Amino acid sequence: MVHSASSSVNFFKASSGWRSWLFTLDHKRIGIMYLVSIIIAFGLGGLFAMALRLELLSPSPILFSAKEYNQLFTLHGAIMTFLFIIPSIPAALGNFLLPIMIGAKDFAFPKLNLASLHIYILGSFFLLASLFVGGVDTGWTFYTPYSVETDTSTVMTTLGVFILGFSSILTGINFIVTVHKMRVPGLTWMRLPLLIWALYSTAVIQVLATPVLAITLMLLIVERVFGVGIFDPALGGDPVLFQHFFWFYSHPAVYIMILPAMGVISEIVTTFCKKNIFGYKIMAASSISIAVIGFLVWGHHMFTSQSPLASAIFSFLTFFVSIPSGIKLFNWVATMYRGNIDLKTPFLYFLAFLFLFFIGGITGVVLGALSLNVHLHDTYFVVAHFHYVMVGGTTIAFLGGIHYWWPKITGRMYSETWARVACGLIFLGFNMVFLVQFFMGSKGMPRRYYTYLDQFQPMHAFSTSGTWVLGLGFILVVFYLIDSLLNGEQAPANPWGGLTLEWRAASPPVLENFDTPQQVTHDPYDYENGSIPHA
Amino acid sequence: MASSHHIVPVKALIGTFIALLGLTAVTVLVTFIDLGPALNLVLALLIAGIKASLVLFVFMALRWDSGYNVLIVLSSFLFIALFAVFVIADFAFRDSIDPIEKQTFGLESPVKPLSEAHPYNAH
Amino acid sequence: MLKSVPHHVAHHFEDADQEFDAAKIGMWLFLAQELLFFSALFVGYGVFRFLHPEMFLHASKLLSWKMGLVNTMVLITSSFTMVLAVWMTQMNRVRESIRLLWATAGLAMVFMVIKYFEYSSKIHHGYLPGSWFSAADAYEHLHLFFTCYFLITGLHGIHVLIGVGLILWLIRKSKQGLLHKDYYTPLEMVGLYWHLVDIVWIFVFPLLYLVG
């Protein structure tokens, strides 16, 4: 069995063969398999996005028919949401890092962890299979009644998402239990790294919200297959009920996407400023309160479909959810003040995140204002908003995290120069694609449209050209990271001078993470009293 | 944390069992007293809530369990309650529109009750 | 006395207590997840009952509250036998525990048999969900009640069947001597699951069978 191997070899070398990966119980290998899977998903979703933008270069048809276009944006959205963003930081980086950062040998339930990976793979097969059995053209939100009536394969796709949901739930349960029960001596709650707080809050949402998505999609399947009438107005059912069910999960789900990113950002800013985080307690508390308040605002996606009173209440509540996010933003900025700033690639991603998430968050507040929303709903303004948070926020933080922990995970360094170039390209390309979409949206360009009025063409063309810059940036990342795997120089245990526990482990870590039992005696970012571990 | 291996005394188990059966009888009996639909529903939910708490706190030993596990259960019930209240409230106010808008613009609600929008077709 | 086999703590835990506490938090989280899984069905029920209160009053009379009452008693009793089974194992009386587990599984099957009769009578009269509804009784929107009825009791029934499977698995484990006073985590966890299934039914009974 795995645990009888000598513990001082690194986990890559501990055993070999595909079985030793696919049936491993080692959280680090599971994390890496998640990482590979989500990167593949991201590549696929990215290709769809490039194709979509290419089609929008001109209002007349270029590559696809209108129906194909609808199928493409649906799959793009479904893949990016359910196969990439939701598992990105928690399931890939979190799986690898969480036990190490709390000094544990593994998660509380390693088998459950493996099961969640297998369920993820199974679910993605279903989701992707819909490509070959007719596609789906409902949009990633699967709104009824269209999703019940369309002749495309809604059932296959929603079944995939249904299955994926359980993977997310199991991961969440495992995270919570592990944080509660597996911390090393001395690691009190108030000494937890902020990434752990963020993953913990995320896990709470995963456990409490995801089952509602599961039942909703199951009801959709039952409705479509058996016609039970619950969402069907012809039978007295109500399609808006579906929207309520869907957003009861999917608004909290946007915090599943952003909370872990906020955690990563807190880790990066402290390490590269060599400074304690500003307001540790409020940072931890705001993660939890985002998770809780996030449950009370789902109706802001339904301002045009629900009753006026409900809209007013949800609009009011929506403003509260931005407060904890705002606090975080101020605290990151304050942390930089008089810090010993080191402009390495992860820190560049931190800066990019700060700008982009700020824009994304602020436009969220704009959309939360009922009177404005009625005009901006279902326009490119919304598209730009959520891409600023999901790509500008989560994906940028994910990239920052990849660069930050790459030496730890792989034991290799990457080319700093190329990494900076790529970060610049991504930042530039991203803004080219999405900034203009705010303007288009506010001028009334509706989302999910195959064609548009001529006056929008310059902006659409500019946006499309941005995707090439953005794409180039991502390709560059892939190249120099592969190069780092093959030729990169050996990474030390603590290349950046971080203080949290993972920097005490070898790079890459040994099989059960540490050779000697660990103990924690100081706060996670206490650069004044804590000694920076070296190896 | 409270001791994890608490053995619940059998007497408590038997007492709870009897109470559950008794409360079940009460639920049935109160339906035969007409208190008006709202009150009947509230009463039914109240009794069900008591029964559920008995099962949770005695059979499932939550009373002797760690506070965190209690918190998990309470928060899931809380979120379910919020879920239900908000959704039903939305349906309750479907055909109302903002009184100010109504006066100023003489608007009618764009959302019609389902029965008007889709006249029911008998099978 | 069955011979008991000592339990080995998984190597990534410090001791048995840590392992047990972890399992327990995990189980409660799973149960919370179950509650929310059911929640949407209850919310849907609430909406339709709110929209059509008279119809629900009428519809609920079409269900047999007597069968519902018997089933409620059966399920509560099975919860009781379950909790006694755990208690017996805690006292190291494994044989009694196994008998009580059989009783629990048996009661669960009684529940399902009664459900079967209820279902067949509804199907026979055409009291079916949505577009399948074919009963002579043409009360407006009546089929929506049966949509709620079949979805909620159906999902609950699936949980009962899963519970029976789990109880049979426990019986096997107990016979092998794997569950005893020093280690009974699986028994306690399945017990928690079983009580949750009972709790769901505690709400289903008045909401579906006793509307007024």
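Worth a mention:
We just call them A, B and C in the order they show up, numbering each chain from 1.
Keep in mind that, in the parts below, a residue touches a chain if its C-beta (ideal position, glycine included) is under 8 Å from a C-beta of that chain, and two chains touch if they have at least 3 such contacts.
Keep in mind that what you see is a predicted model, and the values were worked out from it rather than measured.
Taken as a contact graph, the chains are fully connected, with every chain touching every other chain.
Interface comparison, A-C versus A-B: the higher number of contacting C-beta pairs is recorded for A-C. Look at where the CA atoms of chain B average out and do the same for chain C: the two points lie 18 Å apart. Measuring from the averaged C-alpha position of chain A to that of chain C gives a distance of 36 Å.
Inter-chain centre distance (chain A to chain B, centres taken as mean C-alpha positions): 34 Å. Among all residues of chain A, those that touch two or more other chains are 180, 208, 212, 236, 238, 241, 244, 248. Contact with two or more other chains is made by residues 21, 25, 29, 32, 36, 39-40, 43, 47, 141 of chain C. Counting partner chains per residue, chain B has residues 68, 75-76, 79, 83, 87, 91-92, 114, 120 touching two or more of them. The touching residues of chain A, when paired with chain C in their complex, are 3, 104-106, 108-110, 112, 169, 172-174, 176-178, 180-182, 207-212, 214-216, 219, 222-223, 226-230, 232, 235-238, 241, 244-245, 248, 512. Here chain C touches chain B in the complex through residues 17, 20-21, 24-25, 28-29, 31-32, 35-36, 39-40, 42-43, 46-47, 50-51, 53, 57, 65, 69, 72-73, 76-77, 79-80, 82-84, 87, 90, 133-134, 138, 140-141, 191-192, 195-196, 198-199, 202-203, 205-207, 210-212, going by the rule given at the top. Those residues of chain B lying in contact with chain C across their complex are 1, 4-5, 7-8, 10, 13, 17, 20-21, 24, 27-28, 31, 34, 37, 40, 44-45, 47-48, 51-52, 55-56, 59-60, 65-66, 68-69, 72-73, 75-77, 79-80, 83-84, 87-88, 91-92, 114, 120, 122-123. Contact residues of chain B toward chain A in the complex are 68, 75-76, 79, 82-83, 86-87, 89-98, 109, 111, 114-115, 117-118, 120-121. For chain C in complex with chain A, the touching residues are 11-13, 18, 21-22, 25-26, 29-30, 32-34, 36-41, 43-44, 47, 52, 129-132, 141, 143-144, 147, 150-151.
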